[in-house]
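Before anything else, here's the structure in question.
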Amino acid sequence: MSSLIWLPFLPLLGTLIPLITARLSRTVCALMTAALPALTLLLVLSHAGDIFQGENFEAAIPWIPSIGLELAFRLDGLALLFAILILGIGLLVILYARYYLSAQDSIGKFYAYLILFMFAMLGVVLSNNLIQLWFFWELTSISSFLLISFWGHKTDARKGARMALTITGAGGLALLAGLLILGNTVGSFNLQDILDSGPFIKASANYPIIVVLILLGAFTKSAQFPFHFWLPNAMAAPTPVSAYLHSATMVKAGIFLMARFYPALADTNLWFLIVSLTGLATFLVGAYHALFQHDLKGLLANSTISHLGLITLLLGMGTDLAAVAAIFHIINHAIFKASLFMAAGIIDHESGSRDMRQLNGLWKYMPYTATLAMVASASMAGVPLMNGFLSKEMFFTETLHQASLGSLSWFIPVLATLGGVFAVAYSTRFIHDVFFNGEPINLPKTPHEPPRYMRVPVEILVALCLLVGLFPSLVVGDLLFAAASATLNGTAPDYSLAIWHGFNFPLLMSIIALIGGLFMYHNRTHLFKFQAKFPSSDPKLIFEGIVQRIAAQASRIIAYTENNSLQRYIFFVLSLSMVMTASSLMKLNTTTGQRPEIPVDALSITCAVLLCVSAIATVIWHRRRVIALITLSVVGLIVSLAFALFSAPDLALTQLSVEVVTVILLILALFFLPQKTPKESSPQRVVRDLGLASLVGGVIGTICYALMTRPLDTISTFFTENSKTGGGGTNVVNVILVDFRGFDTLGEITVLGIAALGIYKLIARMRLSMPSADSTGRPWSEDKHPILLAVISQSLLPLALLVSAYIFLRGHNMPGGGFIAGLITAVAIIQQYIGHGVDWIKTRLKLDYQIMIGAGIGVSTLSGLGSWVFGHTFLSSWFDYFYLPVIGKFELASAMFFDLGVYLTVIGATMLILANLGKLTTSERPTLQEHD
Amino acid sequence: MQHLSIFPILIPLLFGAIMLLPPISRDLNSQRICSIIGTLFLLISSAVLLYQISSDGVQVYALGGWQPPFGIALVADRVSSLLVLLTSFLAFSVMLYAIAGKDKGGAYFHPLFMFQIMGINGAFLTGDIFNLFVFFEILLIASYALLIHAGGKQKTQAAMHYVILNLIGSSLFLFGLGILYGTLGTLNMADMAIKVGQLENGTATLAKTGALLLLVVFGLKAAMLPMHFWLPRTYASASAPVAALFAIMTKVGIYSIFRVYTVIFGEHAGELENIATPWLWPLALLTISIGSIGVLASPSIKTLSANLVIVSSGSLLACAAINTEAATSAALYYMVHSTLASAGLFLLADVIARQRGKAEDRIVRSRPFIQPRLLGFAFAISALALVGMPPLSGFVGKIMILQATQSSVQTMWVWPLILIGSLGALITFSRAGTTLFWRHNGSISTDAEPAKFTEILSIGLLLFASVVLVIFGGYVSEFTQLAADHLHNIQSSAYNLLPGVTQ
Amino acid sequence: MLNITITIVAACICIALILNLWRLLIGPSVSDRILALDTMYINAIALILLYGMHMGSALYFEAAVLIAMLGFVSTAALCKYLLRGDIIE
Amino acid sequence: MKLFPMPFHSLLLFVVWLLLNNSISAGHIVLAVFFAITIPLIVTSMRDEHPRILKPWLAIRYVFMVMKDIVIANIEVALLIVGPIKKLKPGFVAVPINIDSELGITILASTVSLTPGTVSAEVSKDKAWLYIHALHLDNEEELVESIKSRYEAPIKEIFGC
Amino acid sequence: MPLYLEIIICVSLLIGGVFLLIGSYGLARLPDIYMRLHSPTKASTLGITGVLIASMILQSHLQGFLSIKELLITLFLLITAPVAANMIAKTALHYRTKPINETQGDDLMEAIRDRKSPKQPPEA
Amino acid sequence: MEGMYAFCVGLLTACGVFLALRGRSFSVVVGLTLLSYAVNLFLFASGRLKLDGAAVLGESEQYSDPLPQALVLTAIVIGFAMTAFAVILAMRARADLGNDHVDGAIPPQHNDTSKKSGGSQ
């Protein structure tokens, strides 16, 4: 039945209507807004007949199978009941809100939120899929947050909304967990499957956790003790919201959930203990608190809590009749509580206050409203002939019938009666304290009757209170039966909706409640004094306090861990890596492998000594920066020698040229950084760092040794075999670089280019003060450009360029290549900068280094793209031998163009960095006169 | 088209290079046009690639015509092409934001942006582990340069930590690579997967140390505890489009973990089977925890988003630790979702900051907004997405992760952490939202700038993606499921990726 | 004979390098250390040439050229730093 | 623009290229010519004006003389170093010079550094004095005189300045 | 290899090695920076030339044709060594590094440092 | 030889790490440079050591593994780019933050903190 799919979405379509029509008159807006819910209600009702016959409607389309989510709806008795409540009361609230909201309030926004909520709520009750149920469940939390915080400029509204969202959100997460476990246990997320596997679920080991998690969801939503405190604080919402959410719909979602899963989860001891006792506690706590509220809505909110507890208690009992009673009370409570909230809203609206200490004797000003309120209130108190009486009577009956607590079972009816006493007392207070009890005190407005149509919703609801109270079977009999049957996943038991069952215990309990309640109200001053002895605690403040304390604690943890100390961060990274590697390295039995080792000779020992001593010297002298640089250069030199020694001439060349540029960069930096490093590491810190450093060094050294002494079979023979034939070069390393793995090289020059761009950005806005003296406080020499250096630098340039051309051209066959050539050229140009300075160069050398980078990367890429023309993949190389008269045979290869790109990029990048760095200081620098 | 799988790398590279050349390099407007065209091309080609992959299967692109394992090969499979498409979409959306003005304040924004994309796409596509290192470095160096874009003390300071930590990371990466090459003798990941199963005793132990070093490196990129410290400051201080682009950077680390530890050191690795799991598991959980604590402690929206990135990293690492098809599928979905959602929030935070005067994006009372409804709506949407509440994509990802846990031990740890983490995010977002949008003093700030059209479009695109991910969640999760299946079975079919060797 | 000579000369250069290191370590002035480094470059050139002779290979010549060229740049830059602080001004 | 702005350099480059490649094949001669032309063209803008070599033969003779001196100087210095240090009498000497061009001064200073026991330490601002340090200074005037006659005079003659 | 060639190579190598050693020995032994400057600039230059000549001859022999590219290194060193020495001397003077007491003309040092003519009295 | 080589690599690593753990940017950069030397040597060694085996066809009889050499070349270049960036960033940090501490602020003197932490331990 596909129309069912559309059922909840009809109101959703309607969320836009109020936003669009809000600019028209408020009445038009309200009417237009009401149209779709009304249509939906009609659609729902059109199915009522069939459902009363025992039929269920289901429809589903697949959505996200991997999480068990299906778009699945079901319309059965329980869903029907709730749908009618949601849509019916929703329509009344739309009408009511039209008058309640002031001109400043954005009615369009309000209706939009309201309809959104209606959609979410319909989704919950119509769901036939667990995940989908949760989906809509969470939507109700969100939309109710928006509604509660409708007056967001008020602190109470913000805090109340946040609290509601937090509590219900937390419950929602628990619910999700519960539903997922439930679904996984049953193997299906289809609701019907779940309902049909009740015995299986109850027998499963997961049952307790499922029950607890799902109930957490239900209890938080339905404001059950001890999560009840959010509800009174949600009263910061506009009253139509309270009338809707906090009487008939959202708070009933938890109840709905328990009813929905009743066949699957209920009727076990665990269920009874948790649900009934929670319900009972909630029932009493709510009733007790209701009496002491001075705020009208506060009273109603607590009374709602109490009634929700009552329903929960019924659902917990696990008997079929109790379930029927619960369903019946859901209906009745929705009707009388919605009307009471609306009445309270009218009083607030027309008198400007909700404080019962100010509100007195309103009967004189608004007798009609007072009458309506009195009827509804009587229903809340459980006065005979009202609907509330009927279900309360059933409740008392059920409390008498249960025996799960064994010999302590008598507790329940006694406490139920006590709750009834309180209910009568606070209902009486609602009437007497507001409409009688003397004259109003300091009301902001003179009270009067509300506009005609604002009263209509109340009238309808109050009429229903009476109608249901007088003709229960006629008015709600079918609906109740269908809903109860659906709840029980079968057929509801026989029950009687008669007004009069004769004199019996439940009636006695009602009478005790009535008399006791009136008595209690009469002597309320004593009770109030008693209550005043307890320190009043605002749950809102406590809640905010807890949240803030959590946040503060979190901040403290974060401040402690993220203490912005790089040293610590590095320490962690290295420690972690050492813990990981060292732990697995310990399983290595022998470090030495089978591969024969090369004998040691004096030359290599000398190099090793040089390397080690200068490395250690670098560490020891790291605070004397220039000297550290000199020793660092030695290390670099020896590393290059090592590469040369172990048959890697290309590496030696590269390392040498990179080394020089690095040192030049470091020297440049040295000038702008402080000239000295203070001694600031504590001895403990030094020891700690030395420990870690030795560990890292030891581990790396060990691994290195273990690797080198083990034989290895690599893919490299392929490269030596194909270097000449496939790549056209005899220098295998270079052929790998520009051909076999040219893509790496393309990436590498890109890195270099990007680094240059990044450095340019760093330099662009750098404002550095230049030191006027060196580390010893000595003023700098006045000789900017020593003659010899200047002249010799010039002479070296052409030679250096020639060498770089040489290195470039031979690269493919002999050690060399574009990168080294580029660095040599760059160093030669740098030498000119050192010898002559920036100004001198600026007028003589007009190279745009940025273009060189772009062109270099471009040339390399294009040389790779060329192969596409021939249908080969990117970077496929091409080479051939040509013959020219006079010159003879020579080779041309695409790799050369690739290398040319490398060459250009390297020069561009290096020069972009160094030349710009040089420009930093071309302006005048402070001079210090020497004092001796 | 045969070259399609290299387009996601070449397009940004060429566009980046072109933007360094005159006349485009001289004019910001033409760079903007160039960037938009470039990212649009990228988006289209990535989408076509994804389509092609899902109909024709894996594409191996042998660069230079050298068959793997000898040459470098790009491997475009469902996983990589999905992430490339994600990157491309992110790039396009973020670029829309950037061209509204955030690309000013420093040179080379556009080329750097392109190079960054190139690095990310390359890292996703490459099938060669050393090439992965190269692309890591490309994306890192580009991110360094982008991080300091528009200048400022915080940026410099954050960059200092970020750069140095990553330099250490790169060193460890090379150590790890050296060990792996020194034991396996090859660099192609499929080839490594084959060879790793043949290792014995000492050599296997050595290879393990290399693999674990790589785990540290990837963990550092992925902000795995205790290496996450750099992230909040770095992301919070970066300029908005950069931070939004960074949303995918941690995912590169995660992706590499998935690649390396399911493909190479996965179920068929003999002695080295699933070596990462014992480490990943506790660290992932701790990462979720510290991220959630960070979320609760966040003083500003940008920090909040940054901490959410940590949480998502933790969740993804947990998936990697679970190491099943379902978990990988969940991770892929979650990756797409969290990248887009957090990118959206980073951008939104910038718009918010610009309208609130001195309060910027801090969660304190401030002047009212010029565009309260628009921003409020966008904020609510991104909050829902990031908290993981319906109706936005976060909840799907979250449920997929929860459903992916296998044993009761896993469930016992992951579920509470993820759910409590969500609650923390919910609390923080509700505090932030109510404070930002409802607690006002004074009048609208005089220097407040309204969000420009392309900025709104950009944020809108990113957030709308979240909706699309839910509406078409069935298709997406089916795709991620297939992708995950493929990833977990590469090792057994590695020879298919190696035309250069015979079995 | 050649091999023995090469060994002797290599020993000479090794001792020379150690002596350079000695000077580099004890200084006392920075100029001394720079001088030591510069001398080390020269010895390194000799060492590389010698190694090439030993191996009978011409592949190492370029490394020697590069040290000759670049070592000077490095020395000059260090001295310039000591004199002027700023080497590219 | 002249084809050979720096003829001496062009020649040098031509020779060095062939030297580097150890080849006088046609291909390399073409390349050598190519570089001998292009590199000076590139570099010429990066040069200050320097005096031309007016007497090339004298220059060649000078080079050989210096080379001979270098060998002698080295042996002398080596003996001084190995010998008893206490006997060394180092000293600073100011040599008055009379060369206008910077190139000339540089060549003189370099020569001085390369030859007998002397190192050029500094050139005075007014370029009238070359300060040298001698490892073993027996007779100051003699040293100054020998530098002036043996090196400065030919340099002045070669460059005509 | 013909014996005469081998002898020439060995001799020049030995000369080179000895001079390199002496150069470095002087560097380590001589008492002040100004004196130390002499030894690498001279002895080492000759030493390296010896090695280069040996290398030239040997490589020419091995390659089968005249290989004199080592001359390039000599050229570089001859050009750069004096400048390097000059620069180092300048730094030593700049830092007012003390020469040994026996040094003659050390009254010139201030003038040298400030690049003045020797007759000018130093400024106050 | 392998043992000595490995020792040198380990020592360089240790020195690099120690310096990288210092507080001033210059020391850290020097440390990273040392570390990158170690890394390059290590990576190079993964192809095993070989004397007289330059991977130039026709120049030797047995070739050393050319692949790690190519990798090291790439690593050197990338390392250079990264170091350069770090150096300039250090300068920029000095310019922006007024000091050269890697954390952008000079931590309070150790004497104070040690007393405090000493008390709490």
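When the chains are written out, they are named A, B, C, D, E and F in that same order, and each has its own residue count from 1.
Here is the rule we use: a contact is a pair of C-beta atoms (placed from the backbone, for glycine too) under 8 Å apart; a residue touches a chain by one contact, two chains touch by 3 or more.
Since this is a predicted model, take the numbers as computed values, not measurements.
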Exercise. Along the shortest chain of touching chains, how many steps lie between chain C and chain E?
Worked result: 1
Exercise. Tell me, which chains sit next to both chain A and chain E?
Worked result: C, D
Exercise. What's the overlap between the neighbours of chain A and those of chain F?
Worked result: B, C
For this session: Indicate, using Cα centroids, the chain positioned nearest the centre of all protein chains shown.
Result: B
Exercise. How far is the middle of chain B from the middle of chain F, if each middle is the mean of its Cα atoms, in Å?
Worked result: 28
Seminar exercise, completed: Between the Cα centroids of chain C and chain D the separation in whole angstrom comes to 22
For this session: Measure off the straight-line distance from the CA centroid of chain A to the CA centroid of chain B, and report it in whole Å.
Result: 16
For this session: Identify all positions of chain B at which a residue touches two or more other chains, and write them in rising order.
Result: 130, 134, 137, 141, 144-145, 148, 151, 160-161, 164, 168, 175, 178-179, 181-182, 187
Exercise. Which chain F residues reach two or more other chains?
Worked result: 20, 25, 28, 38, 40, 42, 45-48, 51-52, 54, 56, 59-60, 67, 71, 74, 78-79, 81-83, 85, 89-90, 92, 102-104
Exercise. Of all residues in chain A, which are in touch with two or more distinct other chains?
Worked result: 564, 566, 570, 574, 629, 645, 649, 668, 670, 700, 707-708, 712, 714-716, 719, 740-741, 744, 747-748, 751, 754-755, 758, 762, 781, 783, 786, 788-789, 792, 796, 799, 803, 814-815, 917
Problem set entry | Pairs of chains found to touch, sorted by chain label | A-B, A-C, A-D, A-E, A-F, B-F, C-E, C-F, D-E
Seminar exercise, completed: Per the touch rule above, chain D residues touching chain E in the complex are 16, 19-22, 70-71, 73-75, 77-78, 81-82, 85, 88-94, 109-114, 117, 119-126, 128-129, 131, 133, 135, 137, 140
Seminar exercise, completed: Listed in rising order, the residues of chain E that touch chain D in the complex are 19, 22-23, 25-26, 29-32, 34-35, 37-39, 41-43, 45-46, 63, 65-69, 71-72, 75, 78-79, 81-83, 85-86, 89-90, 93, 99-100, 102-106, 108-109, 111-113, 115-118
Problem set entry | Complex contact set, residues of chain C against chain E | 1-2, 5-6, 8-10, 12-13, 15-17, 19-20, 22-23, 29-32, 34-36, 38-39, 42-43, 45-46, 49-50, 52-53, 56, 58, 61, 64-65, 68-69, 72, 75-76, 79-80, 82-83
Exercise. Can you name the residues of chain B that touch chain A in the complex?
Worked result: 2-3, 6, 10, 13-14, 16-22, 25, 61-66, 69-72, 106-108, 111-112, 115, 118, 122, 130-131, 134-135, 137-138, 141-142, 144-145, 148-149, 151, 160-161, 164-165, 168-169, 172, 175, 178-179, 181-183, 185-187, 191, 201-203, 205-206, 208-210, 212-213, 215-216, 219-220, 226-227, 229-230, 232-233, 275, 279, 290, 293-297, 299, 329, 384, 389-391, 395-396, 399-400, 402-403, 415, 419-420, 422-423, 426-428, 430-431, 434-435, 437-440, 470, 473-474, 477-478, 481
Problem set entry | chain C contact footprint on chain F (complex, rising order) | 51-52, 54, 56, 59-60
